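Labels run A, B, C and D following the written order; every chain starts at residue 1.
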Amino acid sequence: MCERTQILGVDRDGGFADYVVVPAAVVWRNDRAKLPPEIACLQEPFGNAVFATSTQDLAGRAIAVLGCGPVGLFTIAIARAFGAGRLLASDHVPFRMELAKKLGADAVVNVDEVDDVPAWFVEQNEGVGLGVVFEMSGALRAIQDAFGIVRHGGNVVLFGIPARPATIDIAESLIFKNLTVSAVNGREIWETWYTTRWLLEHGVVDLRPLITAELPLDSYEEAFALLETGEACKIVLRPNGATP
Amino acid sequence: MCERTQILGVDRDGGFADYVVVPAAVVWRNDRAKLPPEIACLQEPFGNAVFATSTQDLAGRAIAVLGCGPVGLFTIAIARAFGAGRLLASDHVPFRMELAKKLGADAVVNVDEVDDVPAWFVEQNEGVGLGVVFEMSGALRAIQDAFGIVRHGGNVVLFGIPARPATIDIAESLIFKNLTVSAVNGREIWETWYTTRWLLEHGVVDLRPLITAELPLDSYEEAFALLETGEACKIVLRPNGATP
Amino acid sequence: MCERTQILGVDRDGGFADYVVVPAAVVWRNDRAKLPPEIACLQEPFGNAVFATSTQDLAGRAIAVLGCGPVGLFTIAIARAFGAGRLLASDHVPFRMELAKKLGADAVVNVDEVDDVPAWFVEQNEGVGLGVVFEMSGALRAIQDAFGIVRHGGNVVLFGIPARPATIDIAESLIFKNLTVSAVNGREIWETWYTTRWLLEHGVVDLRPLITAELPLDSYEEAFALLETGEACKIVLRPNGATP
Amino acid sequence: MCERTQILGVDRDGGFADYVVVPAAVVWRNDRAKLPPEIACLQEPFGNAVFATSTQDLAGRAIAVLGCGPVGLFTIAIARAFGAGRLLASDHVPFRMELAKKLGADAVVNVDEVDDVPAWFVEQNEGVGLGVVFEMSGALRAIQDAFGIVRHGGNVVLFGIPARPATIDIAESLIFKNLTVSAVNGREIWETWYTTRWLLEHGVVDLRPLITAELPLDSYEEAFALLETGEACKIVLRPNGATP
């Protein structure tokens, strides 16, 4: 909530610099015996999903996740672990749609293949709107869809960052539906991190299916090329000849 | 939250019809000894303000109310009664601005007389954004202003119904500020009504300053003319020669 | 919350009477296609566990369940489904302890076999008190233990009904630990029932392991004898020759 | 919530020592222009009341405060400022009972003069139990009373520290009434302090009626003598010849 937040890697040098100075007060120690490095290095983006879901009561509710990039997929895994009722998702990349199902989505729609995306969600949910919609893509079309997918009195979580302003029919889309919209960003220091560690160390959420490749750090160019094919999710790079 | 809500006076005949049939299940009985008719008849719109404020924690927080129509003014009275810290409001009609002060606003800005409305609010609040902003006007400009007035991590309540879609910079206005937006409409049956009755019967909130005239029912044309001058708020009409 | 509640089977005739008159307003319809009778008939006590757990945030937290009777076992199943972190339980009947493990408890202690029950729980939780303790047994000793098992700032849910008043060191056990104690009873009409139906119809919680026998209604004496052995949990009785 | 909390004045030297070393991290700066010293020095115990009330929703609810020592009186002042509906209190010292009325209590009972204290509260509240009961005295009798004063589904806040264990009929007093009990102690760093400062600097709560005398520091013996008469609440001692 700090109005003067500086993000490592955005507002000052981050993981792509040769050397980084990090304030001691923001260093988080991991217990290697409980959290292997290939999982520990996923905590930063996973924490975004932990924070986004922490604003909502998920147990027993019908949940939609729009956008199956890494944080969307993390959200699916958390929602499943926390007792989501029906869990539906959308994307347009078949590789990601398969990962969504593997992580617990009951059904996933390809938004390029249906005309009326909200209607698909409502139909899959026995004709009623969904309780919570997580918008994780930042696509303007998905933001519009979110308000059509959610039920009256439901919750929309906005996480994906759109490139341009959106035009929203506030009367019909929000007020007459009595919606609550939570726009989330970042994490809570340190509440989110305690939950994150707990979920990973105790296996409540298993992130391994999202690691689609592990390579030596020197092969970083190969890693980026893999990501550009759309046939990858998270790639672990191991420095100095480290092995799993 | 009901998706098939029918509103008396909107979806079926209401108070302007000669005769009205009302389902017994939605009749609310008032105790005349505790709640005089001129206050009892204000419960309907006052209930909107009770519901709008019930979604927020007001005690000790800095609060803005945009738009000083009757429901905006009710909101000011409730916020003051519930322990609001600094309480600021806006409108463009001097008569309403005076009522806002009488009901407890610390300061009221005329939006036609300042260039940068959000800057006025922040300045009045010692340089920081406000904790809760109630948008009660439905003006597109006020909806934009609301996101500039609220502090990081604060709450915006959307109640005023805009006539056209709004263009919103979701990234800058909502996500990077970690806002929660509650769009509210109607009331909760019967939770809101119990609170409404309690507040009025026990004098926690005094609505009398909002009754700017009391007339016999036959003088309804005079009442509407008064409202059109902008120099009136709520006018009580007494049927059948009833007297206070 | 009603102060004049009448419970079917307690305050007026219930399931053991030859004929029962039930007010139409409290009849709950089940959809046989989605909820087979042997699960549907477990909804009444299962609803107690749904209500007891609905007062708490379970996801990612360390949870203790004291007492593995049917409602305690239901609570274990719900806590596991809703993302409990470490999930520990206690009882003194080996048959029930086995069921607790089958439903998801990480470890179960026999209270007759350890001297210091709170110490066992804390040790199993890496040396720290547990976030939420559900006291489901009604045993005075377990109520005392609950306040020793919970961490500072944690939650104790009291559901089991003790036969006699308890002596509690309010200063040491409650105030200096900043505890919140929720004493729960019954259900919320109808919120609890909607959640109950959803959890069962969608398989979020599977109650089958708790059905330890299915018999024709005529064999009710055999059923009661089984319960008295302590080697049974819930027994389904089928009337009129009905078959699964 | 810290399990290793050290309280200044309890676990290490406090305000009665000649010299005190205070960790820089726990020093709170006051703005003398906004908060005069005689109010600033009341923040420590006032913060207890702010924290105790922060756990409850007070607006429009019927509230009881048992015990009108300084923190009980602070609680009355806060409840009134935050929109309490009916506000009732108890004590056995007439001087304190008068202060309670001055700070906003609607009625105050002398517990030495009525046989059935809970019955008095319920009668004053039109025959129904109260929504929130703050037990601020630590008297075992008042703790028992608290469970009889609160309505079904209500909240009891335990703050007063009893000298001996209490015997509580958990079945009748807690479980069948669906109560929530919050045992509170200390404050939240720094959330409580921000609220405390805001309430005092902006005059939401006025603590002056509780300052029953102001004396030079040298007259501390006179101050203690005044407290022992029971005819004093808070006494401000001014060091080094300071004047208001």
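We take it that a contact is a pair of C-beta atoms (placed from the backbone, for glycine too) under 8 Å apart; a residue touches a chain by one contact, two chains touch by 3 or more.
What you see is a predicted model, and the numbers here were worked out from it, not measured in a lab.
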Per mean C-alpha coordinates, the chain lying farthest from subunit A is D
For the pair subunit A and subunit B, the C-alpha centroid-to-centroid distance in angstrom is 37
Whole-Å distance, C-alpha centre of subunit B to that of subunit C, is 45
Averaging C-alpha coordinates per chain, one finds the centres of subunit B and subunit D separated by a number of Å equal to 34
A full list of chain pairs that touch reads A-B, A-C, B-D, C-D
As the complex stands, subunit B meets subunit A at residues 1-3, 55, 143, 151-153, 158-159, 161-163, 165-171, 174-186
Subunit C partner, complex, touching residues on subunit A are 57-60, 78, 81-86, 195, 198-199, 202, 204
